[in-house]
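The same subunit A turns up in both complexes below, where it pairs with subunit B and then with subunit C.
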Partner chain A sequence: MTVNGFLSHNRTVLYTAMALLAVALCLLLIMLVAGLKPVYLWTDLLIYLLLVIAMLFAAYASQHEHLRSPWLRVRHSRLGMMSVVILLAYVAIGLLDSVHFRPPAAHQERSTATTYTGEVLTILDVLLQPISSRVERTYSAPFATHAYTKETIERPDGTQVRDFPRLEFGGAHLGTQGEGAARDIAVNVVIAVLAALVIWAVHAYVIVLVLAGKHKTMVRDQVRAVAGGRTELPWREIMLTVFLVILAVTLTVQLGAKYHIFGTDKVGQDVYFQALKSIRTGLVIGTLTTLIMLPFAVLFGIMAGYFRGWIDDVIQYVYTTLNSIPGILLIAAAVLLLQVYMERNADAFNTTLERNDLKLLFLCMILGITSWTGLCRMLRGESLKLREMDYITAATAMGVRHMVIITRHILPNVMHIVLIAIVLDFSGLVLAEAVLSYVGIGVDPAMNSWGNMINQARFEMARDPMVWWSLLAAFIFMFILVLAANLFSDAVRDAFDPRLRARS
Partner chain B sequence: MTDTLLRVQGLKTYFGSGASTVRAVDDISFDIRQGETFALLGESGCGKSMTSLSIMRLVPQPAGRIEGGSVLLRGQDLLALPEVAMRKVRGGRIAMIFQEPMTSLNPVMTIGNQIRESLTLHKDLQGAAADRRVVELLDAVGIPDPQRRMQEYPHQLSGGMKQRVMIAMALAGEPELLIADEPTTALDVTIQAQVLDLLKKLQQDSGMSVLLITHDLGVVSGMADRVAVMYAGQIVEQASRDEFFKEPKHPYSRKLFESLPDMNKREQQLAVMRGSVPSLAQEFSGCRFEPRCDFAWSRCAEQVPAWVEVKDHGARCHLLAGDAPLTSNTPKPAEAELADLRPRRQVDEALTVNDLAVHFPIHRGLFKRVVGHVKAVDGVSLVIPPGKTVALVGESGCGKTTVAKGVLQLIRPSAGAVQFGALDLMQLKGETLRQHRRDMQIIFQDPFSSMNPRMLVRSIIEEGMVAQDLGGSAQERERRVDELLRQVGLSPESKYRYPHEFSGGQRQRICIARALAVDPKLIICDEPTSALDVSVQAQILNLLKKLQERLGISYLFITHNISVVEYLAHEVAVMYLGRIVEQGEVRQVLNDPKHPYTRALLSAVPSIDEKSGREVVYLQGELPSPSNPPQGCHFHPRCAQAQDKCRGTYPEFVNLSDKQKVRCFLY
Partner chain C sequence: MIAYIIRRILYAIPILIGVNLITFALFFIVNSPDDMARMHLGMKRVTDEAIVKWKQDHGYDRPLVYNGDQPGLSKVTDTIFFQNSVRLFVFDFGVADNGRDIGFDISQRMWPSLAIALPTFLTGLLVYITFALLMAFFRATYIDVWGVILCVMLMSVSGLFYIIGGQYLISKMLHLVPISGYDDGVHAFKFLVLPVLIGIVGGVGGSSRWYRTIFLEEIGKDFVRTARAKGLRETTVLFRHVLKNGMIPILTGVVVAIPLLFIGSLITESFFGIPGLGSYTIDAIGSQDFAIVRSMVFLGSVLYIIGLILTDISYTLVDPRIRLQ
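This part shows the complex of A and B:
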């Protein structure tokens, strides 16, 4: 590894960090100028903290060969990189949804001080304003122009008929009877695809130009290399996935404002909007839980394995006990506890959003407390093995202190296990949220989450005619996220697995 | 020749493709005759195991491939056979035994079943007939009570027993050729002698041929009829055993002999080869050994040497072409820059170990009651005078390493005293012990596990200085690291690299530098060269000797390699089952061993010198368990001269001279 290699990697990380900081500052500035009041929720702050930790870790990893080279190997995995693109799209939505603020109340002549509405919005809310604001009266099917159930409608002439009422927003630009909807949808899809193609072509051209500049090749040859999949990184697959993401965006823009893509729910809210808002909940559960449990698992696991003796006994006792209590029971008890606490101290929370947020955080914590045992056990085993290594003996013989041995010799050597565990746990936690909400002890029912959507769908599936789109939307969104996360974790595990590496 | 069993011609086995193709086996030809033992001798990484795998067509797929050549077994080309037919050959006509008996047997099958598998496959034996044959085979490889043993699982057998079972499995198909890939490397010398003897006997009985793959010149000398020396994927010399040991022709073979340590070389440095084995991922335009050869001349770098054969003794060297200047025209390689080596601390303390005992409790039952002790070390006394080397010799499991850890207080001894100078280390605790740790350092056997793979060489060497608060500021420490690296013969630039970028010998040098960083007065060397090749071992031994001369460091040298003891040690102590059975001045003990165990141990060491006239004393059985040592003298169940007295009490030390002591009733 050359010194140049060091610098160039550090530089990438540095630039990314600076760009992020700039974005954050701009956001703050815009809010101030627009007279918005930022709201910092607990989970927001932790997400920012996680982002900072991720940046620091990236900087650290880029300087350490044993961490850098596996990540470079991840970059060469086709499926891995495709899932990274998908995951980044999800993360982007989640981050947009994590900047909360309160818009100023409608201007009042007399008061000089600005007052703010009780409503807390996010950037995502603002962006999706055309979708979220269009609330129907009740259920409507995807792309419908009329409601899902017959109602008694009063005609202008005073007569009453039972028919499917025309939706207020779904296909509103069409005629009163919503005729020609199919044609209109087809036209819009074509427009969206074309728009996506144009945007993608520009983006692809820029990438090819950059690549050609880097490898000092002709642009035409570079295009051929990318199309033939002969580039070092799997650019062809990356670009394909990027196209799909762009297409999803253009479709949303073209169709989302005119129709309810995934229909509406019982109170007429757009299901597509709900599914998008649920992304943040899923990501928060998947990442913050790990963040919370990681210090316990790593510290206790290594301590148990390294010190043995009574420390090992105590830690083992704690985690075997914790492990033998059914997780659901513990979670239900904890959530109940919090609920009682919140009801007693109702004035401590300004908005329902803050309450819900704290509940979400609490759920992360309790999930973390029940899920650190697996990783802890694994790290204990690994440390037991490592402490017998000659270099640990040598360090002891040189009089190196225990804490130094743990941080310098053991921690770096179990880091790959920690990384694999984080990535593997993520999809499991996202699914766990859905299950818990379904059982009714997950996040607050008022909060958008896939689990809540599925929970609702339980009743919707039972009624006649069946309402299936909530379930479908939650399923599609969750499925894509979990699939991408699983494929990514496979790629990470392969890259970090020394046995696979030896073979290649 | 009609009696040729196996003819390998132009065999090439390559790994990978393109520019990074590794030519692991590069154009190898040899014949194995009916009933002979053909030894393939070479250092690690020279392609000898890959040759045997290629013959069996077991080269790991898809990374490796056999690029060319032919392997003719009685005229039938094995490389052209379909896989179905090849399966009949494997185990049936050619059988193989491996180095590691621990991993070559399936732990969930009884050994009887594993042998039966081969019988069913190749001899079509079933039921009672197969059982009878299994018993015969186990009997043939010298496993006592075969009826009972065939019902046992591999973990119930010792290492030597497992290797015997492996041999029995190989014999089950009654092969014409047995490939033995380092069959005794993982075994102790006394067990090695048993297994080699067994192989020889079996070969005489069945008339099969043996392809013996080894790195040990001693084993070759004792076993082989003909020898081929491999270097960097090629055979560089081939001759009959007698010819080869009388007059090795290739400079590499000669260097191998010269770098073997022994008693007569004590006063001089061992011959070393410069540099290291070249990477096989290249096309050679000259002789592969040219960069390391003392006799290299202009043609060596330009032209690939041809095979020159005189009376069945062939070598691949330009020196044999007839018109070569047969003089060493390269200056002797400069040893590591040691001129500036001055003792930083005067060593005048002696290490005195008195009745050291390390007992590990055995816990049983629900409440973990202590039901007994594993007496790993049971009353060891040693004195290491300043600047001297004391060697501790014994088979694996006898407690040598535990002594080392007990002395260093890495394991707290159960009893006894460890005094360094006037200081009793056993009384030290916590911070004081931590500070005194700099006086004694340790070097390990395995250069691969002894350094943290995640740390730069610089931080590895620096670690002790930082922990002991030595070496001043960061710049001063860095200068000291450079100095240390130079002292052990590495360039200061190596400090920015990771351990995995170094070869075994280089890693061992870094470990020595790490130990030296805290200016120790005593270094415990725990088999520091047993994982290394002979030529590299010579480098490390030279370095250790030099360091002792210049710095006056004392060594406690733990090893099972007698020739290293002969070369390096001043005094030697022989350990058996946790106790020292004989100790004394090195010449006395090694030339005139008194204890029956010492005698057996020394005679079991394969020697390259045929005329040494030592009669091999074969030991029966294996090392008993230290948790349940035999009554009386621990050695009596294996001792040929055991008397009634030996079964009753453990003998006390008898002083034979002022230096030599032995614990045996014979004296």
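This part shows the complex of A and C:
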């Protein structure tokens, strides 16, 4: 295939890649101009790498019919496309949270070089500035204007009363007693819904215009087709989900700055902000684990199935041995040992952020070690079948080298299994993070993660009255992500599994 | 058959040796006993004498694999590898950091774990199969569609939520059963109901959906069509033909989990305060008692391998088509 052919086949992919590159360059430029110092964490770099790999794979898949047609089928699945929109929203937040930098210190000495604050921020932090910086003293319920516990307050006239103190930021624009909060919230919700409707309408109109132009139909007919669900892609469902996402954003903008949507935790941090920050941790665990284990699983699985003999025996032995250790115990053992190691080499890490980041990466590796065996076994079985195929026999007879046979004939034919495994593993890993953090062998307690939120909340369950919002926020955020991932993986599996296709 | 079982058992030995070597490498080579001692005594300002004493108290003062100072066979036996790792093969687990015998603790704590895990497993299997069969019976109707959607939603909820939510709703709001705790004998019942219930609810999504696919696969096969052509009723077809054949993959799939029931569930037991092996492990992880974690890793592997052997045997028992090679 010529370069021109490649380009014409991959125009969409190419454009997306260029757009991403442009965004990255712009970000770097903005940082330079604003005097920000970028900080590269290991997981950040791996996330960027993952992005590049995803682009390359998309380019590869768009050229190969056996990969392209299932994806086209995925696009026609209603639930699948709805979950894609949700997943993209999560990924966007995760990516915004993966660009770390140090802002310059406020007071600079003229003569010396620029100094930077010790604090490392992400784009998400900056975007959520009004939410993240509003720290109360302690617990407060969602949308509260007063704290959750009584304190002794000194009145202006000198007397002391025990009462719920007024929050510093929650509903601060209201009067001193926070009167009219319910009305204010209702007004803001209405404003947010209206704003979302307007923004959404503009988007929807543009999409309909493009569709009408593509199909050469009247705009009015196209609107009817979309509303009636008669379009080729499930645009009605996609637009509905997009509206929900936009609504979530406008609600955040309208209410997040004025109230604590999900209340505050023990040290007064906004719970909604924590839940948003936790998205990155969840995504990192769900994706990087697979990225790390994938090369091993694919290499060993194919080698075992293709070469058979003693190589097969050795690889089977290794994965049976690893598999026979209960996963959670192996993780526990490894993380315990990591803690010892990190405390011994405490000097090797510059900041706690870097240390926590490496810990997260190590957790991904350990999870990868415990989870690669399933995929490896499947790939071995598939390669065993494939190596008996006539075209492989022909290739062997013609003296094609083993490596070439593997990369050219076997790898492309097991690609769908790899893909299904990646998507299927994701939701399980996100849920596993919460359990591991609860056991105390997950991510660092100082890191934002849903597991840590739940873990802290379990002590608050015993309080009377109960503090339930941290728990609820973590569960809601997790549930939406995992549900979307499950529905998406169903769509992918249905599209790729030939057996299911033949039946329906 | 006997020869086959013996061969399977012999095949398990190298795997157990592998597990043993991995745990040895993890616990003694990656982190030396010195590190462990330093960690337990506090990281900063630990004197060498204190470390030596700690190692002596816990029996970690021997060389790793080869002891040149000892005569004869003791060169090999008087080492950490032999004393702390090889002995696991005869289930001699040694003592925990608090001086208790690990083997004794395990034999005591096994039963509460089993008291939760076994009812959960059996009742769960019954519930999941019933639900899956129901969906298969009403396939391609709204019952089936909504059943699957319900399954996916149940699957997407974190297991922690079921436990916390269940504890809150049933114990705190309705006061039906105590929140947590354990008692011997018949009195254990009221403590066991909630964890068993939650265990079943937590697994219903994934398992039912999986079993449904298995049943649907069987329904698509030729012998089902023949049965229908004979004029059998749909219920007869479902129970006599589909259920029976569908049980083969289901049973062989769950057999591997049976020995592991002894280990119990880490999360459930720690939430409900059940003095089983799961909470034992959690406490050991919390207090960084490496001896217990090491023992549990080995025990878990042994039980898993027993499960694998049982799976192979059950294949040959329920499915005569599989020839023993």
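Here is the rule we use: the second predicted complex is superposed on the first by the 489 of 504 C-alpha atoms of A that agree within 3 Å, B and C clash if a C-alpha of one lies under 4 Å from a C-alpha of the other, contacts with A are read in each partner's own complex, and residues count from 1 in each chain.
Simple rule for what comes next: contacts are C-beta pairs under 8 Å (C-beta built on N, C-alpha and C of every residue); 3 or more make two chains touch, one makes a residue touch a chain.
Because the structure is a prediction, the values reported are computed rather than measured.
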* Is A:321 in contact with subunit B, with subunit C, with both, or with neither (first, second, both, neither)? -> second
* Larger contact residue set on subunit A - subunit B or subunit C -> C
* Name the contact category of A:120: first (subunit B only), second (subunit C only), both, or neither. => neither
* May I ask you to decide whether A:420 touches subunit B, subunit C, both, or neither, giving the answer as first, second, both or neither? => neither
* Asked: Is A:390 in contact with subunit B, with subunit C, with both, or with neither (first, second, both, neither)?
  -> first
* **Partner chain in contact with A:399 - subunit B first, subunit C second, else both or neither** => first
* Asked: Taking the superposition as given, does A:128 touch the first partner, subunit B, the second, subunit C, both, or neither?
  -> neither
* Structure fact -> subunit B and subunit C footprints on subunit A meet at residues 503
* Inside the complex, what are the residues of subunit A that reach subunit B? -> 64-66, 389-391, 393-401, 404, 408-409, 412-413, 503
* subunit A-facing residues of subunit C, complex -> 14-15, 18-19, 22-23, 26-27, 30-31, 35-36, 38-39, 43, 152-153, 155-161, 164, 167-168, 220, 260, 263, 266-267, 270, 281-282, 285-286, 288, 290, 293-294, 296-297, 300-301, 304-305, 308
* Residues on subunit A engaged by subunit C in the complex (per definition of touch) -> 317-318, 320-326, 328-330, 332-334, 336-337, 339-341, 343-344, 427, 431, 434-435, 438-441, 450, 454, 458, 461, 466, 471, 475, 478-479, 482-483, 486-487, 490, 503
* In the complex of these two chains, what residues of subunit B are touching subunit A? -> 63, 405, 408, 410, 433-435, 437-438, 440-442, 444, 446, 449-455, 460, 463-464, 467-468, 498, 511, 514-515, 518
